[in-house]
Structure formats: structure tokens, C-alpha cells
Amino acid sequence: MATPVRVGIVGSQFVASIHAESVLRYPGAALAAVASPTAQHAQSFAERFHVPHWSTDPLAMIQSPEIDVVIIASPNDTHAPLTLAAAQAGKHVICEKPLCLNLAEADAMISACHQANVKLMYAEELCFAPKYVRLKQLLDSGALGRPTLLKQSEKHDGPHAAHFYDVNRSGGGVSMDMGCHAIAFFRWLLNNQRITSVYSQMNTFVHGNQTWGDDNSLIVLEFEGGCVALAEESWTKLGGMDDRAEVHGTQGVAYADLLRGNSIETYSRTGYDYAVEKAGGTQGWSFTMYEETWNYGFPQEIAHFLECVRDDKTPLVTGEDGRAVLEALFAAYASAGQGRKISLPFNSQAKRPVDLWKPPEDELRLSS
Amino acid sequence: MATPVRVGIVGSQFVASIHAESVLRYPGAALAAVASPTAQHAQSFAERFHVPHWSTDPLAMIQSPEIDVVIIASPNDTHAPLTLAAAQAGKHVICEKPLCLNLAEADAMISACHQANVKLMYAEELCFAPKYVRLKQLLDSGALGRPTLLKQSEKHDGPHAAHFYDVNRSGGGVSMDMGCHAIAFFRWLLNNQRITSVYSQMNTFVHGNQTWGDDNSLIVLEFEGGCVALAEESWTKLGGMDDRAEVHGTQGVAYADLLRGNSIETYSRTGYDYAVEKAGGTQGWSFTMYEETWNYGFPQEIAHFLECVRDDKTPLVTGEDGRAVLEALFAAYASAGQGRKISLPFNSQAKRPVDLWKPPEDELRLSS
Amino acid sequence: MATPVRVGIVGSQFVASIHAESVLRYPGAALAAVASPTAQHAQSFAERFHVPHWSTDPLAMIQSPEIDVVIIASPNDTHAPLTLAAAQAGKHVICEKPLCLNLAEADAMISACHQANVKLMYAEELCFAPKYVRLKQLLDSGALGRPTLLKQSEKHDGPHAAHFYDVNRSGGGVSMDMGCHAIAFFRWLLNNQRITSVYSQMNTFVHGNQTWGDDNSLIVLEFEGGCVALAEESWTKLGGMDDRAEVHGTQGVAYADLLRGNSIETYSRTGYDYAVEKAGGTQGWSFTMYEETWNYGFPQEIAHFLECVRDDKTPLVTGEDGRAVLEALFAAYASAGQGRKISLPFNSQAKRPVDLWKPPEDELRLSS
Amino acid sequence: MATPVRVGIVGSQFVASIHAESVLRYPGAALAAVASPTAQHAQSFAERFHVPHWSTDPLAMIQSPEIDVVIIASPNDTHAPLTLAAAQAGKHVICEKPLCLNLAEADAMISACHQANVKLMYAEELCFAPKYVRLKQLLDSGALGRPTLLKQSEKHDGPHAAHFYDVNRSGGGVSMDMGCHAIAFFRWLLNNQRITSVYSQMNTFVHGNQTWGDDNSLIVLEFEGGCVALAEESWTKLGGMDDRAEVHGTQGVAYADLLRGNSIETYSRTGYDYAVEKAGGTQGWSFTMYEETWNYGFPQEIAHFLECVRDDKTPLVTGEDGRAVLEALFAAYASAGQGRKISLPFNSQAKRPVDLWKPPEDELRLSS
């Protein structure tokens, strides 16, 4: 396409804003529309990012001839219906993580997009984070030998929006929300090798009054080639967002700290505007970050996806990758529930991953 | 006792040397004897540390009226017989980790020392490492709130002495050799709370031609009070010894890196004598450590134990603690073998922990 | 201008390549031509960056109607003549640091560009380095109170190209080549406050057989508002490029390490392709950087300058800033030569800063 | 001496306490007496450390037959009179830094002790700090090649006791109080090579209402062998005590951070008892130190000195070293006052170093 790719965004909160900025930074695309349930949100979003059209009707936006690509940046339970609508309307899809709520939805999304000959792109930004890209290059180059242990971890003190805590909307807790990053990251580092088993330890330590879901987890994955991976996730860690990875191999090891490692170490008696996401405060010592969205790979991710649309190329991260992550998440929740390692493939028919950890009957019983 | 406590050491290698130096640093004790199977080793050890008596007969030394305390710094399979002999001879015992090979031995050791009214002290030096002592104080003071996740990790590229790799002598691989540190560390941080379950992922990634045992492991423990602990152990990590811990709580978090965090960051084109244990080399960049044994808490540990003997006080770390660690190790190996979480108590009657991971029949079969 | 800004580059080595890439990243500009003394260099540069025209005649290129802006990325002694030619031809100028060889040249360059109504932009990329931009924001916001001490330092083990070591071409050694960064950085942090005095300690520790210039320096500057600044420069530091800054104030302090602070900490037994500029090697431990040019602010700098040309705005860093830096450098060399603090203004008529440190007569005498 | 060395301490505040603890840790000595002007202080000090005798009369204590060694841990202006008294009474002296107020006093102290055949030991603990000891070993071993630049820095937000701010008692500000550490440290690293020149930049940024002295300084020293050294001192740095050094050489470089580098990185929402000296607060992020006095080398220093007394050996750091440091401090203050490098030797007859920066006449004039 010579003309700019026209992008419609569903959602108006945090990650939708990040994607809007990323689209604005990519010269070959333009923001065409935004849709969000609350009119106020949609309208101020449109003003803020100079989006020509806004509405509270995502489906109408998706069907509009004015857009070519839909970015789905809305709660997890909307991912499948919106993707199916987009495929039906012949629009390419960039879908935020996690892909959707269950494997049946995932299969339907992949199939529909395939039939409609549109791209289903899975928005895992860690595959584009410059520091992690360099880390993968180190591994690929043989600098570390054969990988034996991969680690990735994301920890902060919990999201704000209510839908994260409502497992009917989210499908699970922190493992669903952030463990998906780690699982995709491990698959990407190992060039999409198959996961053979998943073990998980899940707990609700602090947010039990807010959610049925897990707020801390450890997930151990075994890969086909023999490598082991460990994901650590937390919604209860104070002191600011923490995102880091390690790659251990037979010839070396590499430690990559995405935030605290990159920050300015600052002491301010008075405090100041902003240190890093979820910092909690800036008085005293803080770790001051900058260019966070670039650091995470968000603009690079969107630029890549839009380029794939323009040039009809295969995206780095697809719906199939999103499904593979979701499958591992179902196994993780099942493992936490049963206290044993779960082998893959694991084609669970459960509606939501969290149901395999704490059966929904319990939810009903305990809330009555 | 006003007169110095007289110490006999069984063993003449790495940790025996460290203990000898520690005894020398403690004014209220004196090195009286050393015993080691190889005459040469025992003799040069005696010369090096000015020990008046050396022999190749540990039992004779233990029975000698010239000693009050035995330090057992010899391979794992000798811990039980030597401790029983010491108890019989009315000598106090400082026993290196892991306590012994199995729970029957542990029970016999504890019982014999109790009967003989001698102290059975378990040499877990991490309980004395100054940085970790400060970390525990932080936790105890409430600075971090209620603990939710504890982490401890020790990684290097493998021990040298052959007995570590011979599971008949050692009882297991890296989990046995270094996982015991983490398990004791977690119990100590939580004031000896009960472990309720253990899950473990074990692998032999690199040393498979040398040993039947594990050379990498991840161990997840659940504690009675709800806290989760994660131990990471490795005999395949290059670049020098790495020892670190984290404490996550409801009000904070603390990261303690015992070695790399404390080191001098050095670049030397030519290289130099020594950076840190198992550094692998000193050319280019290295992390130069200093006062390593003090940093690990070895002299403080021995001073404490000898003081307990002098003043008839209860040691910080006892044979019961050593047994609790061993029990968790049996559960860890069983977990790795079965792919499921093992609940405690776990009074295994297996002869060696590794047998629960890979049955000894396999060992025989594969080596024929 | 709606049409792309057309850029001609003089130079074909390291920094010229960086600028070429930056121009390519900016959508509103295009690379039109490159000129370099050696035909081979100019030609392969043109091939590599898809530049339509190449030649060995910078003056012809400058006068070509096919370009709007000249980037001068050639040795220091060419900066003035090329800028005057550009002004005469009505072209805007982006001039690499240091501005030129002496204050007379600087005045001529500023005057000529002013007369010709073209912009003279001084390419100090540290004013665009994202981490340093955030650092300035911290200071500007009051987070650190009133600044008392600023520090900036750049150290590596020496440039490769011969012209750096030939003071006839360069004007000085490391202070001229890298001290200029720090001086500009301090002025920028303090919003172009006046420097009132300069003291400098200069040495030639290692490169004495290659150059008449300094290879290590400490430069102490006093600013009008009372703040003190300390620059440390070195061409003799092994282990890789090191670039860092500190801002101390009455309410706080901030430490910003641009490279080692941002890197992946890697151990590789075998080594690998590249860690960081001037790393020296990658075997063993290294600090692996990524996106270095972005990290330094190069593409952001060029984008800003080209935007200023497009939209006729005042650039952040101008020829006047470059002259102020040069004046401080003359004072620094004079200070090193006299062993005393030099007050500013210091309108030296010397031909090259290094002449105030070691009189050229000495150079002649010693080389005969 | 077989009997314990009996120690009398003059002083009862911070550093006197540290020395008392150090004496208690050394088995070959005993605390015999303490003297301090305020009876309350002397008495509670005696209670706290179980010192048999306390008084408000240092001279009487010094002359007592019950002591063998005097530790002078009282304000700077008392160092000379007390040392002379000690020498006259035939007592060995451990004198805190800086040695005294001026070179005449220094000469008298050295001469008196020499005549009386008693040791004059200069308490520069950085020569015993384990991390710095290792750093010197690295340099001595050739790992870093020939030294080109040494750096040492101590920064916090100012002492509490009033006498530090009274230049009549102290002789100067932060350069006198903490610059002496760096100067001694550099001499020690270079095996007591001669200092050939000193340049200094001094400022009073924050404490001008409290003191006539400097509260920030940069001191540049040239050494006979060609090495340059840079000391940075501050009484205005917030966020906790900071103590670090760097050694740059022709074959390498080493960075040693004594406190923040060794600390536990802690986030605590509530805060806790103590992070590090002068931390300012413990809520939010802090750098938790432990065993600070050991880390600084205080007990090792006292053990060394007392051993020298016992075994009649030459101490590592003597009164002559203290005099050399003081001479450099006089040169530093002169340099700051004149804005030029001062060559050594510099046998100033000024009464106090600060007088060479700001003549006392100004002090009188400005305070009238």
C-alpha cells in the first residue's frame, strides 16, 4: 500500500494510549478511529491523539471502510468477539495480550482470520524491547552456548482498572495478565520450540478481597530441547515496576534488567513528578526511568506490525503464538490447582484458565 | 570452661581449611588435631595450621581425650558414623551440610547426641553471613511487612572433588550440595516455621558424564504461614560464584547480592591472581571479592558454636534443623521424580535423596 | 518546506555513518550527497546508505543546488572553511564537535551564517540522549534543589583515526575531542549560564608516542550562579566506552550511567561479536549495549535539527553554544599550561587550544 | 607484653565509641579509662563499654600508670596538646584524623614521640577497609598496570557536632575533615610517593550560616611518579553516606563502592530503624548497610595498632603520614584561596589550613 494504513483502536485506557502514540510515530499509518464503551473516554482520547472519528460502538468502527487495521486494546473477554468481527469485515487485527479467554476462542480467531486472509498479530511487546532483542541476539549468536535456564519476571503492586480483578472479564489473575509475557518471551528466545510441561505455584497474598484470581505466581516450563524456563509474576511488589530476564547457557550467562538497571539513581528530599510506572512515590531514593514505552518495545512493535500490513509480510508474533501462550496458561492454572506438572499438549475445554485453579462452583459457594 | 575448647577436624580440603582458620580466629579455642584418609593431606594441613596432631584415623582422634569438639568436614556419607562415634565418646559435634545421607541417620545422630548430652551443631554458615543477618533483621523488624516470597540462589560451575559427583558418597547432586543452604536459609528467615510442601524441577544439563545427580534445580517450598520460597541451584553457571537472596513482603522488598553486589568491578588486560571463587579467569572484566569467608559468615559461625560449647548455650542451628532440611531435600528429589508437589511431613526411608529422583536400579541398568 | 530536506554529508567515517542513519530515520529528509577526500570511502558510503551522489569535492557538493543542509562530519580543521562555504552557498549547517579550531574561526562562522540567514547548528548529541534529557528534567523540576556540583565523564582507550592525534588537524587532545561534550552538557543543564573560570589538569600518560596532545584531563569550571562542574576525560581507559553524569543539588542527587548502567551483564566463555564501543574483547564478562546511537541521542538530534530547518525554528544547540565551549577549552588548555585557574571571558587569539598548553615552538624543537 | 595493653580513650562521641568497640574486639588489650570534658558523657560511655575509670581530666588519665596507650578521639585542636602530654608520660598514641591543626604542631608531636620512644600512630581507617585493602592488592599486583588516575570520595550531608563547624577548633571544613582521608588513601595506594602539587576548588554551598569553612571541595594532586589523584568531598550530599574509590591504570581500571555498592537494596513502605549513616530516612527505597565499622576497617586498624604496641612493630600509618596529609591540606586551602596549583613541599606556618583560603581578618571583619 502506498497510502497510509488506517488504524482503528478499540479501548481508550493505558495500553490504548501507548498504541496510539506508536501509530503516530509510524509514518506509514494514521489513526482513523477510536471506540470505547464510555463516550467521555472515547471523546477525550480522540481529542488527545487527534483521531478524526470516535464512538462507543466498536463493531461499527470495525466494519467501517475507513479503517484497514484494528488494534484491540480492551479487556480480555472482548478479544475474541472483536477479532471475529474484524475478520468478517476483512480487517487485519493487532490483538493485545493475552490472546483471549480460552482455546476454543483462540482456534476460532485464528481460523476466521485465516479464512478472511487477514493477519492476526499478537501484541507481545517484549519481543521488540531493544534490550531483550539484544539479549536474544547474544543467545542466537552462540555467545552463551546451549540454553539451560531462562528466567523472566514482571512485578508491580497491581493494576488499577477493575476488569483485571474480575475473572469473568480477565480469565485469571497475574499469571494470565503478566505470565503471558514471560511465556511468549521464552518461546521467542527458543525460536518457538514446543513447551512439553508446565508446573505452577499460585497464591493470592494481598488482593484476596478484590479478586478470585492469583496475585503471585511461579511458573516452571520444560521445553522440547531440554531447556527449563522460570517465570515469576507479582501484583504485590512495592517500589515500582520491575521487569528483568536472565539467560543461562552452557557457555555463559546474561542478566538483563529492563527498568531498574536502566534508570537514573535519584535522591530527592522533596520528590518530583514521576520516576517509573507504579513507583509509589518519588521522595527519597527512586529509580528514574525515561522513554519507557520505547524501552518496552511498544513503538517498534506497532511499526513492525503496520509494516507487515503494508508489505504483506509475516509478523514476528502471530495468533498461533498467542494460542500457544494461552495453552501454557491453562496448563499453569491446572498445575496450581492439582499440585503437579501438566504435560502439553493440553487442549483444555475450560472457559477460563482460572477455573482450573479454583473451580467456579467454589466462587459461587464462597460468595453466597 | 576457662581453658580453651580443643577442636579436632575431620577432613583436610576446602571447607576444613576454612574452619581451621575460623578456629584460629576464635580466642577461646585451639586446634588440637586433624584426621584425613590421606596421610599427605593430613600432614600438610597440620603444618599449614600448626595443628599439634594429625592422623589418618578419624575415630581414634574422636576418642582422644585431647579434644572436646569435632568438626566434621568430610564427605556426606561420613557424617553419620562420625557423629555417632563422637557422641559415644562424649564429644560435641559441628557437622557440615548436608547433615547426612538419610532421615534414619539423622534420627540416630540427634538421638545419640541427646543421650550423650553433647551438642549437635549444624554448620549452615548463611545464618551468620553479615549481609544475610542484616536482611533477616529487616524482615524481623517489620520493614517489609508479612513475607510472601523468599528467594535464595547459589550458582557456580561445579565442585572439583570427585566425591560430590559420586551419589553413593553424596546422596544427590546440586540440590543436596547447595539446595540445603537455601532450605536452611528459608527456615531461618521464617524462624523455623514448618515446610508444608515441596516441588522441584531437576536436570542434569552438563555434568551427565560425571554424575548420576542433578546439576541444576528449582525448588519451590510452601510454608505453614503461607509464605512461598524459591531456591535456584546450579553447577553449570560460568563466570564465578553467585550467591544472592530476595525477600518480598506486603510492605516492601529487599535484594541482597552477597558476592557480585559486594565486589570491586575490575578490568585488567593482563589478568591477576584471583577474583572470586570459581571465577574462571581474571582477564578483562571481573568481580573482585575480598574477605570471602567473613562475607559468608564462616568465622562468625564457628565462633558462635565454640561459644555455645564454652558457655553451654543452645546453638542457633542444630541437628534438628539439619534433619528438617534433609527431609525437604528428600521431598524435593521425590517431587522431581514424580512431577508433583510433595506434602510434608515426608518421612522417607530411602537411603539417599537422589534415589527418589532416579531409582538406583536405573543406575545399575544404565551403567552395565 | 513540504518537500524533504535534502542533506549533504562531508565525511565518510564513524560519525558520518551515524548521521547518515539518522537522516534515513527522519521522514522529512533525504540523503542527497556525500563527499569525502578518498574516492573509495565516498563511494562505499554512498552504496551503503543509498546516497544518489558521491564525490571527493566537498565544496562542489556544498554549492550544489541539490542540497539544502550540510552535515560537517570531517576533521576539526575543516569545520570553518566548510561552514563558510556553506553559508556563502546559502546552505544550513550542522557542524560536528568541536565547533572549529579557534575563536576567530568561530566568530567568522557565526557571522557568515547569520549574514546568509542560514542556521548554524552545533551537533552536541548529549543534549538529546534520552537518559540525560530525563536528568535535565529532574533538575529543572526542582527535584534536586539548586545545583551545586555537576559531573560528566567520557572515557575509552583512544580513537583510531590518525587525525585525532595530529594536533595540526585536531587542535588538541582528549579535552578538545571529548571535553567539549562535558562543557556543552554543563551549559545545557544550567540553561546556558556563563562560565566564569576554568582550571584544568592535563596529562599525556600513554599516547605520548602518537600525539602532542593530552590523553587525560580533569577540568573544573565555575559558573556564574555558583555551581561547580567537573569534567573527566580519558583516552587511556580500558574495558569499553564509559559515559556518565551526576547532578548534585541542595535537595538531592542523581547518578546517570549511560552505558554500563544500561547494559546487559554478560559472561561468555567463547566471546561474541560486539559488546560496546571500544570494548576490547567479549570473552569472559562484558557489558553488552544495544541501540547505542539512540542511547546517545544521535537520531533525535538530527531529527530536531532537520525539523528546525523545515519549520524555521531555533535549534536547541547553536554555533554560539559551540563557540562558548571552544572558549572554555582554550581556557582549559591555558590553565593546564599555567597551573592556575583562568577567568572568563577568555578571548584567546591562539590558533589552536593545545598551543596554550605546550607552545608549538616546543613541538618543533622536540621533533628536530 | 604478655599482659593486655591498657587503653585510655580521650573523647566520648561517635568515633570514640567505634574505637572502644574495636578495643573490646581485640583480645590482647583492655579498656582502662575514658576522659571527656562533660562528666555525663564520660560516665555513660564508661557504663556502656564497661570501662573501669572515667573522668573529665584527660591529662590526669594520660599520666595514669594504669594505661599504656592513649586513643585521641577528641576535636582537632586537642590532638597536639594531648599527644605531647602522652609522649611526656611515656604513652603510645593513636591519634584520630586529621593529625592536628598545623605543621608546627605536627613536627612537635612527631619529635616528642620520637624522643620518648613511643609510637605515634595515625588513625586512617581507610588503609584497613577490607574492600580498599583488596583494591590496593589489585594495584600492587600489576593487574591494572601503572596507575594514572586515582579517585576517592566521601560525601554526606554534614556532621552534627558543633566543633566541626567552628574553624577555631577544626582548622577547616570538609577538606580538613574528610579530604584528609582521600589524601592519606592516595599516598597509601602509591606506597607513600611524594605529592608534588595540589590544586583545589572549595565552596560553601549550604552551611554558610553555620561555618566559615568549606562544605564542598575538589582536590587535584600530582604525585612524583606522574600519577594524578582527584578527591571529591561534600557535606551537602543527601541520601546517606557515600564512600567510593577508583583506580585507573595503563592495563586496567577498578571501581570500588564501599557503601551503596555493598548494600542491600530495600524498599519499605513503612520504613525501619536504620539503613546507613546519615541516610535521612528509610521509607521507600534505601541502601541498607551492615557491619559498617568492619566495612570501614576500624576494628582491623585498632587491632593492628595494638599489636604494634604489643610486639614493638612499626605501624602501617604513622605521625609522619599524618603530617604529609596535613601539608597537602595546607596546600589545598592555599590553592583554593589563590586559584592556582601549589607546589610541594609547602611548609606553611599558618595556624590553620582554612586561614589560607579565607584570611582570619575577613572572619573578624565579617562577623562584626
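A, B, C and D label the chains in the order they appear, each numbered from 1.
Please note the rule applied: contacts are C-beta pairs under 8 Å (C-beta built on N, C-alpha and C of every residue); 3 or more make two chains touch, one makes a residue touch a chain.
All figures in this text were calculated on a predicted structure; none of them were measured in a lab.
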_Least step count from chain A to chain C, where 1 means the two chains touch_ = 1
*asked:* I want to compare two interfaces, C-D and B-D. Which one has more contacting C-beta pairs?
replied: B-D
_Farthest chain (mean CA position) relative to chain D_ = A
*Whole-Å gap between the CA centroids of chain A and chain D*: 55
*Approximate Å spacing (C-alpha centroids) for the pair chain B, chain D*: 40
*Give me the residues of chain A that touch two or more other chains.*
238-239, 251-253, 267, 269
_Residue ranges of chain B in contact with chain C within the complex_ = 238-240, 267, 269, 280-281, 283-287
*Interfacial residue positions of chain B with respect to chain D in the complex*: 27, 130-131, 133-135, 138, 141-145, 251-256, 261-262, 264-273, 282, 288-291, 294
*List of chain B residues in touch with chain A within their complex*: 148-149, 197, 199, 201, 203, 205-206, 216, 218, 220, 222, 226, 228, 230, 232, 234, 236-239, 248, 250-253, 338-341
